[in-house]
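So, here come the structures, one by one.
Presented sequentially are two complexes of chain A, the first with chain B as partner and the second with chain C.
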Partner chain A sequence: MEIEVTHREQVTIVAIVGSVDGLTAGELSQSFREQVRGGYVRIVGDWSGVEYTSSAGLRALLETVKEARQRGGDLRLAAVQPDVLRVLELAGFTGILKLFPDIEAAVGSFRS
Partner chain B sequence: MSFRRLALVIGSGSVKCAAALGLLKVLRREGITVDMVVGCSGGSLYAAMIALGGGVEEAEEKTRRLWTREITKRRNTKALFSAILPRLFGFDERFGLVDDRMVLERLRAAFGTRTFQDARIPLYLTATDFHTGEQAVFSSGSLVDAVRASIAIPYVFQPWRIGERVFVDGFLSDPMPVGVAIKEGADVIITMGFESPYQTRVSSVLRFAFQLSSITSNNLLRANFAFHNLAHHNEIIPIIPQFREPLHLFDTDKIPYVIEEGERAAEQQVPYLRKLLAASASS
Partner chain C sequence: MKVEFHGEARLENLGSVREFVAGACRQAGADSSFCFDLKSAVDEACTNIILHGYREREPGSLDVCFEEDAERMVVTITDRGRSFAPGEIPAPDLSSPWRERAAGGLGWHLIRKMVDEVEYQADGEKGNRLILVKRRNSGGRL
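Right after this comes the complex of A and B.
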């Protein structure tokens, strides 16, 4: 899994390439935690390169969204691929996370 | 991440559950052994067959013989009258519009007098207690009884009595019983589940009832799966086959296609499973 962090306006974009699973979720959690604890609580997860997510990946997402919201921010996902979207839907995550078709829309959602 | 016990969970889904045989093909090809199997409703048939140690072809053949349209052909006329005129004909909890003698006959042909003790790996089949709504987990006793209880489709087959308790279909308490595998000590859980189809046309009372049942069970599936994902200490790997064509309750002629889609969906997880196994072996 590769993680790239960039900043646009007042939003942090965390782009992931690869699988978010039991072997990589720890690294992802760590990366998100660094952002949130560093005060970057408005986060967009660029999920266009995520090909798979398992329960461990879902737990990493939940941990981050809770911490970001507790600090007044949010974690929003952009460009979630169909296979991953099915898992997010089945696990009820589409009911608690805001999803956007692309990065622009996700970053823009923090303006309103 | 390391693990010691690998579980396979097969949820409800009637004929779609045959996709578990495609998954089994992939696991066997990869030399991945399962330490326990959990099954619910249609999934209980395959969980039982897998735990008994049969081959994929044998299980496919058994399904073709067992799950045909004929098992719902003979109506339970008394039940129909009892629903319309309950005072006259007497209505009770053992309501089902289909005469269940043939399905029972077929289950006996498939499993004979075999019990859970005959399973090569621990096997758990789920049903729902009709009176309390609680999930019932069978791990001993007759396989025919447990499977019959697990597939007691509401309105179709009458609830099944075992001893003092009456059971209905397992999907009513949890359509994909991952919690059973968690409770029984599984680390990595491979789960195959299916959402109930929605009716394209609500043209009868039965279809209306099925639609309501699908809405409830699909929401239950998502809610339970969400909780299990967050509660589990290790890994849950969902395998969700995608079917391009609609599948109905008794489309047994489409079983080869269903198996193929199960195999295709399972193959996508093979690289990750291999990595997990390698990580576990080196830890």
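Right after this comes the complex of A and C.
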């Protein structure tokens, strides 16, 4: 799994490529935590390159969305692929996370 | 067809286990969605074994056996870690608001959703066996 963090407007984009599983989810949590605790609480997760996520990845998302919202921000996901979307749906995460078809829409959602 | 994967119960091996299951599943003629579900269930089960079954122990064996016939695919995962009672793991509350949402129990919830049958046999001598069954006609997604 690779993580790339970029900033656009006042939004932090965390792009993930690869699989988020029991081995890699800790690194993802750590990366999200650094952003949120550094004051970057408006986060878009670019999920276009995520081919797999397990419940360990869901745990990282849940921790981050809670912490970001408690600080006045949010974690929103862009371009979630169909298989990974199914995991989010089965876990009931589509009811608590805001999903967008692409990065532009997700970044733009923080403007309104 | 029957194929086997033998490895150590380490998180570093999860990717290889997923590749093994997905590859065997494709070879057995299932579509990518079906194979994704099966490999997800196996990955969640193996993660539990690695993190909980072998907690505070040296990583032991983790063996995955894939078998298939005209009706179904069966994955048997054998380990020599601590046994547990899958039936006692509570189902997560998926309707609670985000503030109260907990991540506990999600792995087992996904396993139950991704396959059709789950059987567990605890055995200190021969090893614990978790048997996951996915029927070929259950591949369609709603």
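Simple rule for what comes next: the second predicted complex is superposed on the first by the 112 of 112 C-alpha atoms of A that agree within 3 Å, B and C clash if a C-alpha of one lies under 4 Å from a C-alpha of the other, contacts with A are read in each partner's own complex, and residues count from 1 in each chain.
The definition used in the following text is that contacts are C-beta pairs under 8 Å (C-beta built on N, C-alpha and C of every residue); 3 or more make two chains touch, one makes a residue touch a chain.
Computed from a prediction, not measured in an experiment: that's the story for all the values here.
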Clash or fit (per the criteria above) of chain B with chain C on chain A: clash
Between chain B and chain C, more extensive residue contact with chain A: C
Which superposed partner A:65 touches (first chain B, second chain C, both, neither): second
Which superposed partner A:3 touches (first chain B, second chain C, both, neither): neither
Partner chain(s) touched by A:87 [first = chain B, second = chain C, both, neither]: both
Partner chain(s) touched by A:105 [first = chain B, second = chain C, both, neither]: neither
Touching partner for A:55 - first (chain B), second (chain C), both, neither: both
146-154, 182-190 or 200-208: stretch of chain B that collides with chain C: 182-190
Set intersection of chain A contacts, chain C complex versus chain B complex: 19, 21-23, 52, 54-56, 58-59, 62, 83, 86-87, 90-92
Touch list for chain A against partner chain B, complex: 19, 21-23, 52, 54-56, 58-59, 62, 83, 86-87, 89-93
Contact footprint of chain A on chain C as seen in their complex: 11-12, 14-15, 18, 32-33, 36-37, 39-40, 43-44, 47, 50-51, 92, 94-95, 97-99, 101, 103, 106-107, 109-110, 113-114, 141
Chain A residues touching chain C - in the complex, by the definition given at the top: 19, 21-23, 52, 54-56, 58-59, 62-63, 65-66, 69, 82-83, 86-87, 90-92, 95-96
Chain A partner contacts - residues on chain B that touch it in the complex: 1, 193, 221-223, 225-226, 228-230, 232, 234-238, 240, 268-269, 272, 275-276, 279
